[in-house]
Amino acid sequence: MSAANRPTTPLVAILMGSDTDLPVMQKAATQLKYFGIPYEMEIVSAHRSPARTAAFAREAAGRGLRVLIAGAGAAAALAGALAAETTLPVIGVPLATSPLAGFDSLLSTAMLPAGVPVATVAVGEAGATNAAVLAAQILALADPALAARLAEFKRELIGKVEEKSAKLKATHQA
Amino acid sequence: MSAANRPTTPLVAILMGSDTDLPVMQKAATQLKYFGIPYEMEIVSAHRSPARTAAFAREAAGRGLRVLIAGAGAAAALAGALAAETTLPVIGVPLATSPLAGFDSLLSTAMLPAGVPVATVAVGEAGATNAAVLAAQILALADPALAARLAEFKRELIGKVEEKSAKLKATHQA
Amino acid sequence: MSAANRPTTPLVAILMGSDTDLPVMQKAATQLKYFGIPYEMEIVSAHRSPARTAAFAREAAGRGLRVLIAGAGAAAALAGALAAETTLPVIGVPLATSPLAGFDSLLSTAMLPAGVPVATVAVGEAGATNAAVLAAQILALADPALAARLAEFKRELIGKVEEKSAKLKATHQA
Amino acid sequence: MSAANRPTTPLVAILMGSDTDLPVMQKAATQLKYFGIPYEMEIVSAHRSPARTAAFAREAAGRGLRVLIAGAGAAAALAGALAAETTLPVIGVPLATSPLAGFDSLLSTAMLPAGVPVATVAVGEAGATNAAVLAAQILALADPALAARLAEFKRELIGKVEEKSAKLKATHQA
Amino acid sequence: MSAANRPTTPLVAILMGSDTDLPVMQKAATQLKYFGIPYEMEIVSAHRSPARTAAFAREAAGRGLRVLIAGAGAAAALAGALAAETTLPVIGVPLATSPLAGFDSLLSTAMLPAGVPVATVAVGEAGATNAAVLAAQILALADPALAARLAEFKRELIGKVEEKSAKLKATHQA
Amino acid sequence: MSAANRPTTPLVAILMGSDTDLPVMQKAATQLKYFGIPYEMEIVSAHRSPARTAAFAREAAGRGLRVLIAGAGAAAALAGALAAETTLPVIGVPLATSPLAGFDSLLSTAMLPAGVPVATVAVGEAGATNAAVLAAQILALADPALAARLAEFKRELIGKVEEKSAKLKATHQA
Amino acid sequence: MSAANRPTTPLVAILMGSDTDLPVMQKAATQLKYFGIPYEMEIVSAHRSPARTAAFAREAAGRGLRVLIAGAGAAAALAGALAAETTLPVIGVPLATSPLAGFDSLLSTAMLPAGVPVATVAVGEAGATNAAVLAAQILALADPALAARLAEFKRELIGKVEEKSAKLKATHQA
Amino acid sequence: MSAANRPTTPLVAILMGSDTDLPVMQKAATQLKYFGIPYEMEIVSAHRSPARTAAFAREAAGRGLRVLIAGAGAAAALAGALAAETTLPVIGVPLATSPLAGFDSLLSTAMLPAGVPVATVAVGEAGATNAAVLAAQILALADPALAARLAEFKRELIGKVEEKSAKLKATHQA
């Protein structure tokens, strides 16, 4: 599919358990926008609104969604609850919202039983950004224009390191 | 309610994600039998059979169940998934089934968000036994005969310590 | 028991080791008030006033208390000390008061030996709130009005998620 | 693409740092076979053969590979090293091969910096199986036959739980 | 006090929560015997026989005991429960009896609140031995003969290292 | 020894690796003053001034010191280095001075090998206070006046809990 | 080599993954300056600019570099990636940049497989300083003037402890 | 220095706290032999024979030693105790000898204060091998023949991966 006729219905959903997770999960939205990937954001809770969560997951593929991104803290069950109800790839972003510094959300997101995977990324903001990059990598398998954008993104990563390197050398002389 | 006409329909359900959890969760069954509390055992999985898990939880109170005990390992979501769908007390038993030695299941079971509690007990066999004792303590609030049995159980705990003490003193002289 | 003649003598005690724990444990009080459950608050320390702690636990049932909630940090022994002296259900709230971020209090509260359970909830404020919800769930087994209130509480949880979802959609358009 | 003309050139590569990782990573192979997904297995080491690892990743897309699965233990850098050199989705399987019980490999695999995601799954055998399921979920986005196979796989997961449940009920009567 | 008229009534009590802790705690007994310090062993449980535990601690000083050694696993409350009821020095030996590898017992034993110290030693057998050495160091402050024995013990430690060194050199030549 | 002729030469030394540890270790000094126990404070470092550390430990008993208290953070070796060179009781206070939140100092202080104990107390300020209380408990074995002061201290602990309880009840009515 | 004709081309490279790591890694630069060791600073990223990282490592020895210091946080792969491509000694400084408090970077830096060592130092600023001291120790093996400077540095460490001790005694009298 | 006249007096010392550490530390010896680096093995204990440990470190440089390798478990103080007394590079190998799975020894070895570095390698056998490789890398800075041997060693690492890869492909066909 060329960039010209890329669909405007959402391909990715960014889900989170609470609006307090929004500042971190916004990083995923920003990164999806960068790639030009249409997305939607939604608040659902594995523990507080389970039926709505399950319904969202069951209907996701039919609505045209391709990848689900779920951010959650503490006993972070959201990504797993979605993965239980869909065969779409689900990406889990552990958030460090409890006193346990994110160890709880990382283990709760990653250690799923055989048969129901969650693609777990890093705890916190780096993870939220990477959830979007991973979604782009998945979608790019069938979207050459997006694949090209990802290749450019990788060159930009390199370029930014080189810029920082040049700036460092300009200001710090041994 | 007197011991004579205690109901024979299950008051407690012992749920687990897999039959491999049975040897540990059997401790809960043994302890419930000790208290004369009718129970049922069931295998449901938060991740592999979510609809059945949710249905079980939603129908539990109507079927006469009063307390749910859920044993699960790794990203142990079972107890939380049940608690999401019922207002019955749910007791979670973290099981040490992954390489992470039970830290994953303990954090996944205990760190639930405000509004949806799980009564978490110890990792492993001690926890399975204690889930049954806790269930008995809950049921005993409305069952004087069971309360009396619990009081006796506490005396037996003391008695066993004294027996072990006597045996130790008989065999080990400084 | 109908809501009309619900007792005004405390059914739940919220115990804590120090007044510095009050800001977090107040969440439990707020939630019990929400459910209309009469409660009392008390400061007792497993390590600093052990006799008073034990006496409290031994007399609790006789005074009409049905559930004990204990918040403690570090080597959090309070819930276990109470559970050692009563057959009432004891709910433990681990508090993150030491440099070890709550891992110490979580393990100290949850890992009790077979025979003496503590119903452990999450570390910190979510746990304090959930201790009250769990107490309500336990009391509701013999109190249909409270059970109805819990069902409404669950609907409110769902409603709040939906409100947040609506607000998110109103303000964030992809 | 229909099942009839599914390609026989590998779509997935299963990489590992050492042949000692093979018994666990074989689970991924078994699961890919189950889905009828052609794959290849390879031993490359981020630390011992970095040039070969980088070359593999750089050439992977051109050779027709769509998803890379990397299993590694300890300071598990393999998945990240591959992700650094390709925009294909990379799935990391942390292995519990050091004395630190898999905590080292989980943190090393999951905590990647913004820009270079690794889809981390559970530590050990469950993770190896799930890496294959996740790869299938990704590939199924453009392969309706595979999507159907995944839907059937989900039904089988449910069926197996029901079988175990029936067996449990047949052998354990309270 | 000279070695000749050292008392035969116990100066040290070795307490443990269960006879399953005996094989490890026996190391403390062996080491006390080595120093010629009269001791007694007792099984008491902070959680299962709290009144007996408290009584033991309250009567300990009056019975001539000078130091209490307490070994316990999991949510290891025994040492703290004793320290709550006596001003004698209490030494805690964390035991690795739960799936959590001793992290639970170490944190539960060491992290006591201000005012009620427990002298915590290492997890497991090294700790059991060291509890006895520490008890000897404490008692030696008022017992010159024991102080001399401790000085000799330190020389023996050095001597054993030298013996092992000599043996190593005899058998391993680079 | 009566309170009247209690010695004014230091019985306890409070050692720390750096003056940055002083604010926490000052708690030990305050508590020793409370008990009327003469003490000295010293800065020595196991790693930066090892010879001075060893000399301090070797000369400590001869100078009349009875108990050594050592506070250190990170790879907290100070207490163990002192214990290696003296048979006086050494109390270790782990300090949370590194990014690892005190887990490093707790493990480094407590996990000593058989033969060389360190009496480890809690991480941080509670531990610093308790080091002094433990020192008092040790010294009180041969000082009845100090034993009486400790008994009074325990009553004060109880009294403070009761005061806080009364204050709580005065201000919080359910 | 005498101090007179010490080379001015860099002997040590201080590498880091991002300019946000500079404030901590500057400690290494300061310490190298103290020793008069010429160094260069560079920003390279194992994950974002892998080819440049590998090239740096492969060319390092040829350019006259003798020791590489690499600071990185989270899944800290930089030091290992360099070590994979050079036989020069590589020193890894784990940085506490993620929510996981440095546990992730410490395990990721230290737990390398047999054949590819990284000399890991402490997490954070102490580690950055020590990376430079360790580099000096390595270089001093072939540089007697530097060895003398290190000996003086050690005396200064002792001197600073003595100064702090004197200041403490002047201001704190028991 | 050419291989022909490489010295036969030890350049590296492999130290360990106990002969029980020998099976793991033997890996370091084997690897040094592989490189043709003369070494000696010695048993010294930071805690049990501190004076001998300090003396060894102080005399090491004068005896011609260039690098010290120290293996220790639990509160692994040996490497730090050596580093405190010498300016030679000290490599620490954390051993998993306590119930805490090596977390204690890793933190105790790595988290040294500014001024006294220990080059920490991985926990266990991989670390023991790598201590020798790191020692070789350090010595090779002034020994071109050894540098060549290290380059060959790196090629062998690559070769072994390729051999394993070939063997895998021969036996596992997808």
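Just so it is clear, A, B, C, D, E, F, G and H label the chains in written order, and each chain counts residues from 1 on its own.
One rule holds in what follows: contacts are C-beta pairs under 8 Å (C-beta built on N, C-alpha and C of every residue); 3 or more make two chains touch, one makes a residue touch a chain.
Nothing here was measured: the structure is a model prediction, and the numbers come from that model.
Looking at chain B and chain C, the chains in contact with each of them are A, E. The centroid of the Cα atoms in chain A and the matching centroid in chain H are 42 Å apart.
One finds 49 Å separating the Cα centroids of chain D and chain E. If each chain is reduced to the centroid of its CA atoms, chain A and chain D end up 19 Å from each other. For chain H, residues that reach two or more other chains under the stated contact definition are 18, 45, 48, 51, 74-75, 98, 100-101, 103, 106-107, 110-113, 115-116, 122-123, 126, 157. Pairwise chain contacts in this structure: A-B, A-C, A-D, A-G, B-C, B-D, B-E, C-E, C-F, D-G, D-H, E-F, E-H, F-G, F-H, G-H. Listed in rising order, the residues of chain H touching chain G in the complex are 27, 66, 87-89, 91, 106-107, 110-123, 125-126, 129-131, 133-134, 137-142, 147, 150-151, 153-154, 157. Here chain D touches chain B in the complex through residues 96, 101-103, 106, 122-124, 126, 157-158, 160-162, 164-165, 167-169, 172, 174, going by the rule given at the top.
Partner chain A is touched in their complex by these residues of chain B: 17-18, 45-48, 50-51, 54, 74-75, 77, 80-81, 83-85, 98, 100, 103-104, 107-113, 115-116. Residues of chain B touching chain D in their complex: 10, 18-19, 22, 29, 32-33, 38-45, 48-49, 51-52, 74-75, 98-101.
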